[in-house]
């Protein structure tokens, strides 16, 4: 297990290294003077000089990369060109808002999705199964930002059940502010996870070892909950890990639509003000988050599935 | 006279399919006495698997029991509800399945599974674990204590089948059903496992219903044999009588075709010509008629499974007065 | 050319037999029809302003009302379909072509090249799609071409990985081994024997990918980082609708419904196609 964990995180680091380098080179590959591009027409000569020094633009590219990584390893993502604040602190100030949104979405959608999927698999071709299937297919396709806009329109503007904007103060108010955004992000996931669990559950229930468990007189409840669900859940863990990327993407829209603070809002605001270091810092952190979550999902899988630990 | 444990009486089982009812088992009758080993022989698709899943009532949803009884200790299992069946499974009747590679849950340790199946016992978990370890030792797995914590994929196929035997015998069942337990293993392992199974059977004195298409194993292990063909019993009797004096042409051909039985180097291995009939669309008369070299006019009627000698039954007109004509 | 055509009609017939597939076929057909003949279908010039008639609700004159500049929403919705397909089709086909090529090279080429390409795929996949798109847009500025390029780049790995798996499987199949034993060249094996076997699976993936791409284009345009105004994109409609959400619901509805319909249509079609072309794929995803 430890061996597997080390190898998996090694791969994650390698991917992250390549990704960050690609991003770094992308900035430098844009034609024109990067300082000019980043600061736009408003740039004062002092600002330009400061940025040039900061990004070590007068140095050869390898040296720039080395300095960039040196800073990165110290947790330094650069300086906000306008306010002069550290990008790291700006990004990490916004991160908790995004994370709470993402986790709220995962928790409600995965819980409901797994329950619905397991139920549908245990009672195939019943009303609930059919309804779940119909809802799944319809909602899987609905893009988060459209759902966000429509739910804003219906539940916040017209019915006024939930607040329309902001993140709220205090626990309950925050939770109240999370309802609509997490609904928008999680909606397509409920159906997706339900279908995944249903299919994988039906497959597992047909496997010979389930027949063995039955032949030893174990209760059907125990067979479903312990013997089958534990295997059927494996693909869901992977999907949630990989889905972190989709969730981060959806969160951008949810934050804009509901005017919530967070990483997505930060990026969009920074793009409009051409605050380049902040954009890059946010993208970098979200990429890191995604890579780590995929690796984490693999580790959880390995922990749940002894075959993955040994075989892979 | 030993007591009869399992009596299968006139059992008929159908599968409902899109093509119509598939008559998987027809008029199956035989019995298993206490402590006895009964072999069931037949080609694949002859209904062996349907038969054993019918005994345990672990059948597919489209299965219909048409007629007959499956009496275990005098009680008709077909009348039992699911709860009553569950109380029998893994306690009075145990089963070893065919493919050892897929018979265990892949994500639970062997120990966890072996403790779990003792769910009827009130013993402490540590005691259940000790029982499991003792059982593993009994089937010849070295260092059982440590191996309880391992997962199925860490064992070889032979080891896994030993574990399956250990699990099946742990509750000291009255009847053990072994569904081709060695088919997936190679020959040397097969001998070892059969011997171990035989030893344990003598120790525990349980009855065994041993399903196989390997005649050599059947001849060595079993007291009595039931020969099945296309969902029906064609011959049953004492193992000696069946092998030395088969009374049904199908049994005869089966023995002739067994590779272990062919003494001289044959250029072409003998086979039985023709195909097993379509069970959804049964031909009239004797089920083996189309492939039988000795078939005659009388075979247009279904021959009854009739007694020839003491305990020896065959379903063929050849054994009747007047033969097949 | 006779054989593939009959195969195609066979597949289409299979899709049409499935109720969901038929629905998908109808929706997608309608969208493509509207996009192709948009110029003749629109009742008004989608970018002509008419301040006098601004922010109207639905009426016989304006089926979906008008926006803050008096532009006819229905006309903009129809034209928006054209924009959506203009982004989605080249992006998906481009990604499919590149992914197919790279995937086949990875599957058939030497081990080190395979590892390198897999690392490349994994790297691209490691960027959250929208974040990556935002980073690129921030660098080179918003435009239709940027959206196409970004979408293409992010979906290359999906096609590449599937093409690679298929190639690896086929590579050891008997008929390929026989070809190799007879000394067939690599281009012949890849082009003549493997390509037809891989392309079906990728086509199904493409059909299922189009909704994602349409949503991404609309999303970027909604953020004001996609196609430039006054081009009528569904996302741009939503952007206007969002800022006017307290005045009129019709812009959000007019921009949102076609996106949902289009994604539904392509998803139904894709799922049905998958079931007809390759039922095994269901598991792999």
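Details
Letters are used for the chains, namely A, B and C, taken in the order the chains are written, and counting of residues starts over at 1 for each.
Here is the rule we use: a residue touches a chain if its C-beta (ideal position, glycine included) is under 8 Å from a C-beta of that chain, and two chains touch if they have at least 3 such contacts.
Note that this is a predicted model, so its numbers are computed, not measured.
If you draw each protein chain as a dot and join the dots that touch, you get a simple line with two loose ends. Of all chains, the one whose Cα centroid sits at the greatest distance from that of chain C is B. One inter-chain figure worth recording: chain A and chain C are separated by 22 Å, centre to centre, where each centre is the mean of the chain's CA atoms. Averaged C-alpha coordinates put the centre of chain A at 53 Å from the centre of chain B. Rounded to a whole number, the gap between the C-alpha centres of chain B and chain C is 56 angstrom.
The residues of chain A lying in touch with chain C in their complex are 11, 14-16, 18-19, 22-23, 26-27, 30, 37, 137-138, 140-143, 145-146, 149-150, 152-153, 157-158, 199, 203, 244-246, 248-250, 252-253, 256-257, 264, 267-268, 270-271, 274, 276, 279-280, 282-283, 286-287, 290-291, 294. Contact residues on chain B toward chain A in their complex (touch as defined above): 56, 58, 86-91, 94-95, 97, 99, 102-109, 116-117, 119-120, 151, 153-154, 164, 167. The residues of chain A lying in touch with chain B in their complex are 207-209, 211-219, 222, 226-227, 230-231, 304-307, 310-311.
Within the complex formed with chain A, the chain C residues making contact are 20, 119-120, 122-123, 125-132, 134-140, 211, 215, 218-219, 222-223, 225, 238, 241-242, 245-246, 249, 252-253, 256, 259-260, 263-264, 266-268, 271, 282-283.
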